[in-house]
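Okay, structure first, notes after.
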């Protein structure tokens, strides 16, 4: 393979822009070759060209048919992910696809099938595996510092809830928000989830309840390797984005506190006050967004396995679907029950 | 009532000794009047007298029939708690009883009934409510700093597992260990538990599994006020006694880290290392043992409600029994289901 | 020697009361035998007797002439320390004397001479050596974890300034306040101070300046073993008693943060806020006051060297006098220059 | 002025490379127009061109004579700074010059004079003022949160000493290393240093002593506004780059701890261990290097005062020279004494 990977980005929204800038500026092994966005503005076009993009179009097909492009990064709206993945695979492009591949299992399976058949690489955007904190915990576990994993605990709370309109189309808190935490849980446990039990409540915004979802949830997990775990989610932590992970085992425990904008404390008559956590995912996972793309480029160029596989996306989805079912049916749900649906 | 409360202690084992020393040395409003222990040694007798005890006996009845004694502290073996509570109530003594009152609901109810009928006060030894950290969290909540409580999270891990022989007679992890955490959860939520779901595993010591118990557990909680919660327990944290609580709500979150023996860190090539948590409950809850007794003495002398009621003991027990049932039956259990047994 | 040390306390003010209670309640090897206070009130008398004191008097001589008393603890006003030390030595009593022995070198020397001649033990009340944090740092150094000591840094700030009237008779900030830090510096460096340079300012209260003193000071230190150090003092830290020590060496550094009343943080829109340091020396050094007395009692009973010698008091005083001279003369002062005065 | 500032960089060594990459990639208001390096390699040339540089030369004059270039960044060896500053000023270019302008006062003054005469802007590379932590402390002070500043404390320790050969030509620890801390002290105090007293020792490497320098130093400071301060330096902290600042005042204190690579702690039988500080200045001040350049570009484009003036460089130098003189002569040195040399 070539020394440089030419990449085309499909969808230049919030996440797409991050990948574009990372590829254009920080990854010497990649070249930003093209950008496609169905609502491409003149401003976006100028920006894309200033970053060196050769193909700038409203049509993703223009990227797929460009022979110089070796890989595409799919950041368009969720409902297009599966079809674009299938089309990209058919065009022989390696694929980085933002999560989720789709909100239905059948379309995800179809996309994975197409990828397998085409023999291209597919990496899913579960970026948190690349977070400096969470990766450090995993490294401790892999180095044997924690011993056998007994407990995985994940706290994941957003600074502000999404609009109820968004909630309605999001697939619900488990597919939209906790899916990142299911991936983190599987990553940290080094094992698949076999069963979940979900508890949920509407405590943040009654409109979320009216939209058929919950905004606060605790889900317990059983892993295949015998470990157990728990995830808690809230749609609104007034102090900011709360992202903590703890892994406890036979030889010790590793614990990640939140990242802060600085390390200053102010001591006065009111107490000793430090900063709130970094506000939201763009700030907190800035490094992780870059590192996942570095990893993808490296996997393609040197024919290594990708760090987050299509199958990971499917497993995370099973866990999310099981959690939803558990909440509705008030009973623990085995993943196998979902898998066989 | 008098200005000073004369107290008799029944059972001078590990916990009894702590209460004796606290009453004799640190609580000016109390006078250590008598000690009864069925295995009283000469050494214990000398110690009791050196602390000013007037009645030192192998027979608890000697305390109950002493008119000068206003209250008894029951620290004898668990199987004697209910009968001694009933006898003490009949003798018109106020009662501080170590948890649990009994391992069966019927005997607990009988004891509570006797207390009610006698019109004496009964406080149960759920000392952690008096811990400086956990009390501070509750104070924040009561002061409105946290807003409405959404989530209560409790981590409670012992430094070393009990002997399998002990486990067999302990009532199991939920009645023996997590019962403290159920009390803490109810205390912090300011609400009763209505439902639990328990997950457990044998990861620390297979002998515990053979004894029919688990050594690692996660239990999720539903509270009457809408909040939800989770407790995790392990019988063995190699780094010491891990006792943390977090309460998250609409206006903020309060979080208690472990107490440490000192605040020194050592920075060297290996990193920046601080102390492990205080080793076990005698060290960690030293202040709480004193403060619960101060509170009891104050309640009796000034006819105030006790801080931890007999009914709290019963509710905690319901939660523990529900957790055990949940684990066995692999389904969430409503407390009402236990209550009506 | 006997198994139990009978102790008499001279002066039952703020510090005296602490020593009395510690001796009476927490040190089984000691017996509180007598209390003398020239302004003894009826209330103090009752309190002393309730704690078991046999001799309760306005006259210290009543303790010195009591053959059953093996040691005295001198907590009376500073101007009486030297004479009482001399009298106690003459009476063959071992002596624990609060700092300073005197504000003049000649009287200190006379007292030390008397002690030496009498062959009794003398421990000076530099209690901070027994603080759990500072002792831990020293233990790290002794264990070789820090390597050769290069730098000793001490921060020592009071929560509120003394009354200007007190300042006038106190000997000034170096003899009254920083003298504890000179002792800590010598303790941590494991070496004598050979030279100091003092910088001072009146920033807290102009009245302190009018009384001829400073309220803010930085003093740099040269130690005999080659290490260097610095102490900063302020008479007023609005956030409470700030007591930190850092020792830096060839293999690492140990650093002690302030003790806090609890380990709870509150996270809200304003930030993440923890407690202020423990308010003042009675709270912060509660354990150190007990441990220094345990150590003294042990030294007397088992004929061990005392932990803080009379000569330590003298060396600390030299450093304080040198600092005062340095401030006045705006030049570094060698301790030898003071020693030979 | 134009919307975009065309910048030429003179000297593409370690620091120069950072500025080049920042200007080329992260500062949209700047354009990397040219690079000059007297030892320009083919590799450097390719790199410069790949970043868009139009002029790539061994001769700085090629940048100064290029009319399209509005500002130069001087990162060549220290001995060339003053001459290049003078030449750049004569060519009408705005100047960002790495510290120090020169090691002699006369050449610094000549350079400042030339800059003044030419009416161009000059910013000196005291980047730490832009560090997120230290800036936050200053912001607290400016917002009145600390009240009047009483004490400024700076700890600044390198992870490893320079080679003795470097030390010889460096101007010594005060001009080479502590000069950054003098700048920080003046920045945090919001006031000029009026007097210093220096204490130094050779504790890290005897070769440094043979080169006529010290490797460990404590310098106390008097500020014009009445505040006092202290800086400690060591050439070797085995745990990494130790960069902490504390400002204490009438209303509180702000304190900056070290930045860490992640926020994970490992708890095991040995204790609770976190990461060492970021290794050295390239890691720690990465953001500060970018932000100082953003600030310079903004000052030039919008005709604002620069954040770190040429006069700041001179004042820092005076403090460093005074510290050296203080160490040699063992007495406090007033800055005026240096100023009038």
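Think of it as A, B, C and D in the order they're written, each chain with its own count starting at 1.
We take it that a residue touches a chain if its C-beta (ideal position, glycine included) is under 8 Å from a C-beta of that chain, and two chains touch if they have at least 3 such contacts.
Keep in mind that what you see is a predicted model, and the values were worked out from it rather than measured.
Of the two chain pairs considered here, A-B and A-D, the higher C-beta contact count falls to A-B.
Taking the mean of C-alpha positions as each chain's centre, the chain lying farthest from the centre of chain B is D. Spacing of chain B relative to chain D, judged by their CA centroids, is 58 angstrom. If you average the CA atoms of chain A and of chain D, the two centres end up 40 Å from each other. In terms of their C-alpha centroids, the spacing between chain A and chain B amounts to 42 Å. Annotation for chain C: residues touching 2 or more other chains are 237-239, 242, 251-253, 267-269. Note for the complex: chain A touches chain C at residues 237-239, 242, 267-276. Those residues of chain B that touch chain A in the complex are listed here as 148, 150-151, 153, 155, 157, 197, 199-201, 203-204, 216-218, 220, 222, 226-230, 232, 234, 236-239, 242, 248, 250-253, 330-332. Touching chain D in their complex are the following residues of chain A: 25-26, 132-133, 136-137, 140, 145-146, 251-269.
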